[in-house]
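Chains: A, B, C and D, in written order; residue numbering restarts at 1 for each.
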Amino acid sequence: MKKIGIICKTGRPEPVDILKDFLPWLRGSGYDVFLDIETAQILKVEGYSRSQIPELSDVIIVLGGDGTMLSVARLVGGRNVPILGVNLGGLGFITEVNRDELFEAVGDVLSGKCSREERIMLTAVVYRRAEMIADFVVLNDVVINKGALARITDMEAYVNSTYVTTFKADGLIIATPTGSTAYSLAAGGPILYPTLNSIVLTPICPHTLTNRPIVLPDDCTVEVILRSASEDVFLTLDGQVGFSLRNNDVVEVKKSTFKTKLLIPPERNYFQILRTKLKWGER
Amino acid sequence: MKKIGIICKTGRPEPVDILKDFLPWLRGSGYDVFLDIETAQILKVEGYSRSQIPELSDVIIVLGGDGTMLSVARLVGGRNVPILGVNLGGLGFITEVNRDELFEAVGDVLSGKCSREERIMLTAVVYRRAEMIADFVVLNDVVINKGALARITDMEAYVNSTYVTTFKADGLIIATPTGSTAYSLAAGGPILYPTLNSIVLTPICPHTLTNRPIVLPDDCTVEVILRSASEDVFLTLDGQVGFSLRNNDVVEVKKSTFKTKLLIPPERNYFQILRTKLKWGER
Amino acid sequence: MKKIGIICKTGRPEPVDILKDFLPWLRGSGYDVFLDIETAQILKVEGYSRSQIPELSDVIIVLGGDGTMLSVARLVGGRNVPILGVNLGGLGFITEVNRDELFEAVGDVLSGKCSREERIMLTAVVYRRAEMIADFVVLNDVVINKGALARITDMEAYVNSTYVTTFKADGLIIATPTGSTAYSLAAGGPILYPTLNSIVLTPICPHTLTNRPIVLPDDCTVEVILRSASEDVFLTLDGQVGFSLRNNDVVEVKKSTFKTKLLIPPERNYFQILRTKLKWGER
Amino acid sequence: MKKIGIICKTGRPEPVDILKDFLPWLRGSGYDVFLDIETAQILKVEGYSRSQIPELSDVIIVLGGDGTMLSVARLVGGRNVPILGVNLGGLGFITEVNRDELFEAVGDVLSGKCSREERIMLTAVVYRRAEMIADFVVLNDVVINKGALARITDMEAYVNSTYVTTFKADGLIIATPTGSTAYSLAAGGPILYPTLNSIVLTPICPHTLTNRPIVLPDDCTVEVILRSASEDVFLTLDGQVGFSLRNNDVVEVKKSTFKTKLLIPPERNYFQILRTKLKWGER
């Protein structure tokens, strides 16, 4: 591991501040560094477009939050480049290193002490009149969501071509274990242990009160047919990318062949993160 | 009670079918009937605009569902005209009469056997830069809701000018007891007995998992300040009327001076409706 | 207000520690102090039985937690003696004063700066074969609860003699607004603003998933008839007193004529307590 | 498959009624039938003790409900005998054949048209002062549950020796996918697809509102240490067997080497059962 990519959350002062010490330290230690162009410009050093960085790097360090991690994960896609997330604030679900722990964690990465945790990703393909019109890869979740003014949405769901039910709801979340602690949790979904071979279907504000989150094996194919005349229903991908759906569109979701490789510091564990993020210390 | 207004759900064949027998029966019994113009045209009889009907009528019969009832309730506003809801399908929460029970229920209304149940309504006023820019009256709920593509929304809430919390959520529902069994229920809110002097604040998919529905006295003023740079946040009124909100808009909600007067058949009771609508018979 | 009762949580060192400074301060300021006998013995001063203290005092100061407050509230019953709760740990829902704020808060009480907040209480009466066999007064909640080994329990509920439903559940909570943030909240109930004229019926783990908490006016009478052959179903009162129920026992719950008068420091408000106790600051 | 065991729910008239036609049909078709002794006595035919039946039979037909199925599954344990559940009422989650479908379904079984679905089982072992004092095998769930009069219970949970959290709750459910639609669902847990290699930890009425159900891989070991001075905490197994726990007892739960083999009629599917049992047809 000689080539280190660095991608920062934009519009925030912390990464620049961190890099003032961090860049010289990395270069002094003999590493090649590939910094995203926006941050590079501020620091007046050489930079690279975000999309170039995965192919240039042996490892990518993300200075940001869970949101930046999600976009880097999609950027990396099928390349075998592990990612280390460094949170600018407290801790994130997938940015498991604090700013204070940065140098130590990167030392652990470079000396091979970090474990790699593979996280499944999902592909979502949209078919309109039997024609594929869009496809996406996500780390967290695929969400069908009505707009604020739309009426309740009917979503006809199938698992491996077997009819499940027609959800009448504000929307439907299909989340990976990684995504289970994001939107799905807010909508009432369970926590899935990150290495579980499962996905979860969580309806958003279902009209039918007995529609509960369903955990499925990750080798199944979920199809959702939108049954809504409204113009105001969207597919959102990791909460970051949007795509407008039409009546009778079919959204097909299955496990991607891509996996995200997260670097986990030796002393970190998932339950510790849950306790911290969900404040399990006390009521 | 000599003057009977009739307002029907549009685009449905059932009301026309019902009226073929019902209109002659009413007129033969000596009542003046004021029928909404859309339905009247289909039947080729004299009709009246919906907004005229409340001032012409001693009582209004609604042939439709809960949605039609909500719009008639807003139309009636402060006028002292009671409403009888006749459901075209099964039973509604506020359309408590079946099609089969129509003649008997109307007989009960006209002979004074129906009780009148007063239901509180809410006013919602929107202030933008300290200026009032819109106001509404609703029977069910006032909802602040983000669009499908917007990020999580910050809503700073006050009760009687005392700070409550800043909800980070998809939205916030402020519902009357009547509205408690509509959207609020789907979002996890409690059922409020219809004559309760209370309203309920129900956050939609709150990011903070301990944000639970709060029931408040109905003589308090709820203010919500939108803290969101997104262009995609809306105020919706009874799920039927929409209004686009901007950052720092203030939505002030309090009990209206208007009340909706529902006519309740003698043998009907609220728990019976709950049991039927929520399928409490068995699991 | 010259006569001050003091009741402490037993078995804890903090009250004794506090009283070493507090007692001389009160007596030096000219107040008569009536201390509970258990604590008095440790301090080797004169003490009074807990049941005597309400009739001897103009105001009662509780050094303990919410649990001690509940038992003092039941002890005070119908006497018009206000209570100030001082929490030994952080803050409680009804022990709204910290140890650090003790002297200031008591100064506020004695100079009349504290407001009195009236909280409704409930009576629960048990009838067996039409005969009243027990009655209780509570500040928080009346709970019917099956034991760990009992099967699911059938509880036939009536409001003002109108049938509601037969809950098939682990139990049923009937809570005051004060009790809404205790067991009812853990079972999925809403938060009721403390001065609301309402009670809430919250089923515990209902088998029928659409059985949701119901908020009722506090002037109604709730009757629950136990339909369970199991020997292992109990009535619990404020989580502190237990009573064994039998098949066909009727538990009748209504608002008590007694009210608890809580003393609230001038700068304290309910939403501040919610924010602190429920950690609304962040996720 | 020549040898057919039949085990019936006791104390119910339907099995006897069914067997009047069913037994002669089976015997006339050349099958050996092994009927449970209680039912056999009523029918005045030869019977066998329940515990003998699994070793005598190639297949067991259960006439009862989900509860009877659970006890037969435990009885079968590690023997490779498949079970067909025939429900006396509507449909059960694991008694997937109606009374009306009995002859057809048994025909399908005997002609090999039924598929066999393997369902994981759990073992629960109790250690007291480092000594194993009890062990159990279950198909649905292992539950630690406080009694009605006990205070909230502290349960220190570990997954593969890593600390998770200390649940402060009424109890804790560890359920298989099969058990996910039983008690766990009532306590707010998700539905796990039946063939999922997962288990779910669902806290019962947790005091910490952010304690949400956690889905774990089924090859992990869950340990729960009871931290409660109360005498009134129990381990219950499939809701049918109880065992009294003491402070500091350790309950270790992992996947059993035993699996239950359910016979599934060809036209039956899991989502159909969910739709029927959870009334997903309408609100």
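We adopt the following convention: a contact is a pair of C-beta atoms (placed from the backbone, for glycine too) under 8 Å apart; a residue touches a chain by one contact, two chains touch by 3 or more.
Everything quoted here is computed from the prediction, not taken from an experiment.
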Would you kindly state whether over half or under half of the residue numbers at the subunit A/subunit B interface are used by both copies, giving same or different? same
For the pairs B-D and A-D, output the one whose chains share more C-beta pairs in contact. A-D
How far is the middle of subunit B from the middle of subunit D, if each middle is the mean of its Cα atoms, in Å? 45
Mind checking the centre-to-centre distance between subunit A and subunit B? Centres are C-alpha means, answer in whole Å. 39
Chain centre separation in whole Å, for subunit D relative to subunit A (CA means): 37
If you look at subunit A, which of its residues touch at least two other chains? 185, 207, 209-210, 212, 278-279, 282-283
Testing understanding: with touching defined as stated, what is the shape of the graph linking the protein chains, line, ring, star, complete or other? complete
How about subunit C: which of its residues touch subunit B in the complex? 159, 162-165, 168, 180, 185, 189-193, 195-198, 200, 207-217, 269, 271, 274-275, 278-280, 282-283
What part of subunit D is in contact with subunit B in the complex they form? 209-210, 212, 277-279, 282-283
Taking the complex as given, what residues does subunit B use to touch subunit A? 145-149, 151, 169-171, 183, 185-188, 204-207, 209, 232-234, 236, 239, 242, 278
